[in-house]
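Next come two complexes built around chain A: one with chain B, the other with chain C.
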Partner chain A sequence: MTRTYTPWFLLVVALALAAVYLFPLYWMYVTSLKTGSEIFANPPTFWPREPNPDIYPETWARRTMPVFLLNSVIIAGGITAITVILGTGCAYVLARYRNVWIDIGLFCVLMLQVLPASVMVTPLFVGFNQIGLLNYPRTAVVLAAAAKAMPFFVVLVRATFMSVPRELEEAALVDGNSRVGAFFSIVLPLARNGILVCAILTFMSAFGEYIYSKSIIQSPSLQPASVGLSGFLGPNSTDWSSIMAYSAIYVTPILLVFVILQRRIVSGLTSGALK
Partner chain B sequence: MTAQIELIDIDKHYGNFHALKNVSLTIDKGSFVALVGPSGCGKSTLLRSIAGLETITSGRMTIAGKEMTGVPPRHRDIAMVFQSYALYPHMTVEENLTYSLRLHGVSKADARKKAAEVAATTGLSELLSRYPRQLSGGQRQRVAMGRAIIRNPKAFLFDEPLSNLDAALRVQMRKEIRALHDRLGATSVYVTHDQIEAMTMADWVVVMRAGIIEQQGRPLDLYDKPVNRFVAGFIGSPAMNFLPGRIADSGNSVVLDGGGSLPLARNVEPGRTVIAGVRPEHLQVRGDDANFHLEVGVVESTGSATYLTSRDGNFQLVQSERTQLASGDRVGLGIDPTRVHLFDPETGIAL
Partner chain C sequence: MTRFLNALRDGVGFDILLVGAALLFLLALAGAPLVYNVLMSFQQVDMFTLGVLFRPFVGFDNYVAVVQQPEFWMVTRNTLVFVFGSMTGQFVLGFALALFFAQDFPGASTIRGLFLVSWVMPGLVVGAIWSWILAGDFGVLNVILKSLGIIQNNVFWKSDPNFSIWAVIIANIWLGLAFNMLLLSVGLAAIPRDLYEAAELDGANAFQRFWTITLPMMRSTIGAVLSLGLIGTLQQFDLFPALTEGGPANTSNVAGFWSWQLSFQLYDFAKGATVSVMMFLLVLFASVIYVRSTRHEVRG
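After this line comes the complex of A and B, so read on.
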């Protein structure tokens, strides 16, 4: 009986942890639809008495959300593009060659992951300022955040490349292809799923990037939605339903993408490109 | 015979590991050469060097008379069949077959026609639109072969292509590969650790160990006249038995340390210590005129032959007749004097 007991117990723990994490999400949606007095009602209501969906278009227009969201997409797209193009090449080399320098390179890449953005932001700010990059604040954020996103991407994609048998590449070489040609016609198609999944994950985390954007981008017209959200939190602000509506608009598309691609993301991360 | 592949003083180092030591080998046009040896002997490294997948540390090689040292694989015009077949998983059988043609700028229509021809000769016509994962092991093997023959290359290189197949299929593919080789008039280099494959398929067998060529020659020459104890023990199945002993004063027999003696067909320096080699299939069960005696341990009957192993486990013999011998029996054995091999106990070199 203990054999069935253990998985059930673990499942309960997993569900409890998931509930702790997902409850705020539920609370966000519910609160966004409540009126001001209901938000502070005690005991709290778990479903709004008079749902008020008008808050969504109103917040959308009042907080210039299209601008913020467009900036978020531009910044996240830039981060993802740089990470994918450079990270794929980097991961391939790290997967295919074995020597001391490769080990040192891998170590350095992993070190990037260890350094928190909040520590790096000040030296980056000073450095960018000296070379004049702060005049192009979104570019500056893309560069900084791409460096931050790189290790995660490289390590995962490297594992994908390692699952592509080397003999396939050698067969392509003998069949008359060059190293570069073999990479593009054999290795890349087979690693495509893993790369796509990692690119999606990179995009999703870049979409919520906050620290670099908050510190580097001054002009509200260039700020992403994450920084725009913090604009609510002034000393007098208690406009909780607008904050929650803003958050909901910001998070829902990403959430939908994840739910739709969830199966592929999980299988792409665990199984590699082929068996 | 003209040489199709010539290897001259090939050396290969991996860091401190000396994988190929001054290997020279000439492969005649149209011949089927097997490189055989235990794992780690350098046979695969040598094959991959011919393909250009490994860069050699020093030495030269030519293929069809052209200097190929340092030339990348794609300019060598050779085809290779890998142990894992290395079929491209994201391409259909037809795309796998025509991959090299497409790279060499053959038109789509011509490539398709060629693929259909090759598929017909290898029995793949029904499978052209399938993906490798939908094929059985034997079918994948055929696709790998087809991919090699479609280009009509200067040489075929096989890297243990049969080791992933089951025993029955392996025997069948052995014949098919050999038949294909003969039909195409191709030059083939075949790497295997299985000496039966080497003996049955090849015109010329190269036995390697620890990065050097121990002996090369026609299969039966290796069987009849091994130059050292390693080759003697490696070629032939079950393996040759080795018995330590000393040449008798008369010079024409070996007194065995374990009791008994073996007759010799020639005279050897008396008193010399030797290792005598006798093949399991050359021993006969005899009564009174036995050369030496043995206690039977395990008896294995296959129907066509009976394999006997001695009680101490390090002596084997094969009897083609059925035998009444059972475990624990003491059996007298004799041998034709011309079939006794002698080796130096120190160097292992044949005497």
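After this line comes the complex of A and C, so read on.
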């Protein structure tokens, strides 16, 4: 009897654990739908009495979210473009050979992966100030954050390239392809899916980039959504319904992409993260 | 010239070009700033000398000044509490969940994947949500804890000096838990099933099997997860501005956020650089462990 019921019992426990873990997300959506007085009700209601979605268009307009989100997309797009263009080639070479130089290169990449952004932001700011890059603050943020994102991308994509059979590339070379030709027509298409997943992951984490943007971009019309949120968030904030509505608008697209691509993202991460 | 172009198109030059472009970029935007940071920590940096490279050299004055700051030991203690609290919570809960989801039941991998949502969320949004959950007067965590009878009065998580660092730790555990669980799950899946079957035939109970098979077989995974956890915790920044801003009175301030405050709120770039050099040494220590524990996997 236990044999047939145990899996279903475990499933129920798993769903309960997931519900507890994802409660903060639920609480964000529920709070954003509550009216002003209901937010501060004691005891709190776990389902809004009168769901009120008006807060969404209001927050959208009052907090100039289109500007912030557009900046987020531009910055995250720039970071992803640089990371993918430079990181893919680097990962390919690091996966193709196995010698002491590759070990040194890998070691450098791993070392750069561990640098905290809070360590790098001071010298980057002063350095960018000296070469005048602070006049193009979004470009400065893209460059700084791309250097932060690239090592992780290289480590993940390298694992993808390792799973492409060497024989296919060698066959293309024997057939008269040049190295460039073999790379673009054989290796890249075979690794396309893995690269795409890693690029999406890079974009999603760049979409939430905060510390560089906060430190480097002064003009509100150029700031991304994370800095826009920090503008009315602090230890003493009380305007919870609009904070939660802002957060919900900000993360819902990311969450949707994640849920759709969940399987691929998880397998992409597991294949590379430990190597 | 043609030989050079040919090598670029069809030889080792192609590899050097690919890897060189990326490494040059990283050296310019990560390596150089790192060196510059160390340089600045030995210089006098103020508004007048901000734009020049050769500033008055002051030896270890910045380091002495940082250590003499009244909040220095408080920040050091908080950094250690934050690192060990977060890592312990993430690792223990992550391991427990990984063991649970390693059981065979329908939907195990899909539900486990849902946990990873926390990993893709912007840190600032996570901070905002937890800031509301942990709010003293109307926060939902206090309500839940009171109805369970764990606490009698509201805990002011963010403004009580005894709890402020724990508010950030709770949020950070939530944030890092899923990634820990995922990596540990991968390690668990790699242990051959027949080891467990053999042990079961020999009469080992569940605890013995965990202690003599799971833990030894997971050694390199655990090493990697712990050092990645240490690195990730030291990198955590977004939660601090969202939750406590290091307050009240620096009781929840850690090295990373303090360094940023010194540079970008007090405009004392020399001290900011000095603190970040100190923190970098800590990160260096963590990454040496990380590289050692993943070494054979890098080669494999």
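Brief remarks on what is shown
Here, the second predicted complex is superposed on the first by the 240 of 275 C-alpha atoms of A that agree within 3 Å, B and C clash if a C-alpha of one lies under 4 Å from a C-alpha of the other, contacts with A are read in each partner's own complex, and residues count from 1 in each chain.
Operating definition for what follows: a contact is a pair of C-beta atoms (placed from the backbone, for glycine too) under 8 Å apart; a residue touches a chain by one contact, two chains touch by 3 or more.
Every value quoted in this text rests on a predicted model; they were computed, and no experiment measured them.
With the two structures aligned on chain A, chain B fits next to chain C without clashing. In the superposition on chain A, A:178 makes contact with both chain B and chain C. When the two structures are aligned on the shared chain, A:130 is found in touch with chain C, with no touch to chain B. In the superposed model, A:92 makes contact with chain C only, not with chain B.
In the superposition on chain A, no contact is made by A:74 with either chain B or chain C. Legend: residue contacts after superposition of the two complexes on their common chain; A:261 is shown touching neither chain B nor chain C. Looking at the shared chain after the overlay, A:168 reaches chain B, while chain C stays out of its contact range.
In the superposition on chain A, no contact is made by A:159 with either chain B or chain C.
After superposition on the shared chain, chain A has more residues touched by C, the comparison being chain B against chain C.
The vertex angle at chain A, taken between the C-alpha centres of chain B and chain C once both structures are aligned on chain A, is 90 degrees to the nearest 10. After superposing the two complexes on chain A, the shortest C-alpha to C-alpha distance between chain B and chain C comes to 8 Å.
Chain A residues in contact with chain B (one complex) as well as with chain C (other complex) are 178, 274. Residue ranges on chain A touching chain B, taken from their complex, read 165, 167-168, 170-178, 181, 186, 189-190, 274. Within the complex formed with chain A, the chain B residues making contact are 51-53, 72-74, 76, 78-80, 82-84, 86, 88-90, 99-100, 103-104, 147, 151, 157. Across the complex, chain C is touched by residues 6-8, 10-11, 13-15, 17-18, 21-22, 24-25, 27-28, 31, 39-40, 42-44, 82, 86-87, 89-90, 92-94, 96-98, 103, 105-127, 129-130, 143-144, 146-148, 150-151, 154, 178-180, 183, 201, 204-205, 207-208, 210-211, 214-215, 226, 229-230, 233-235, 237, 240, 243-244, 247, 250-251, 254-255, 258-259, 262-263, 265-266, 269-270, 273-275 of chain A. Against chain A, in their complex, chain C makes its touches with residues 9-11, 14-15, 17-19, 21-23, 25-26, 29-34, 36-37, 40, 45, 50-53, 97, 100-101, 103-118, 120-133, 135, 137-138, 140, 143, 147, 158-159, 174, 177-178, 182-183, 185-187, 221, 224, 231, 234-235, 237-238, 241-245, 247-248, 256-257, 259-260, 263-264, 269, 272-273, 276-277, 279-280, 283, 286-287, 290-291, 294, 297-299.
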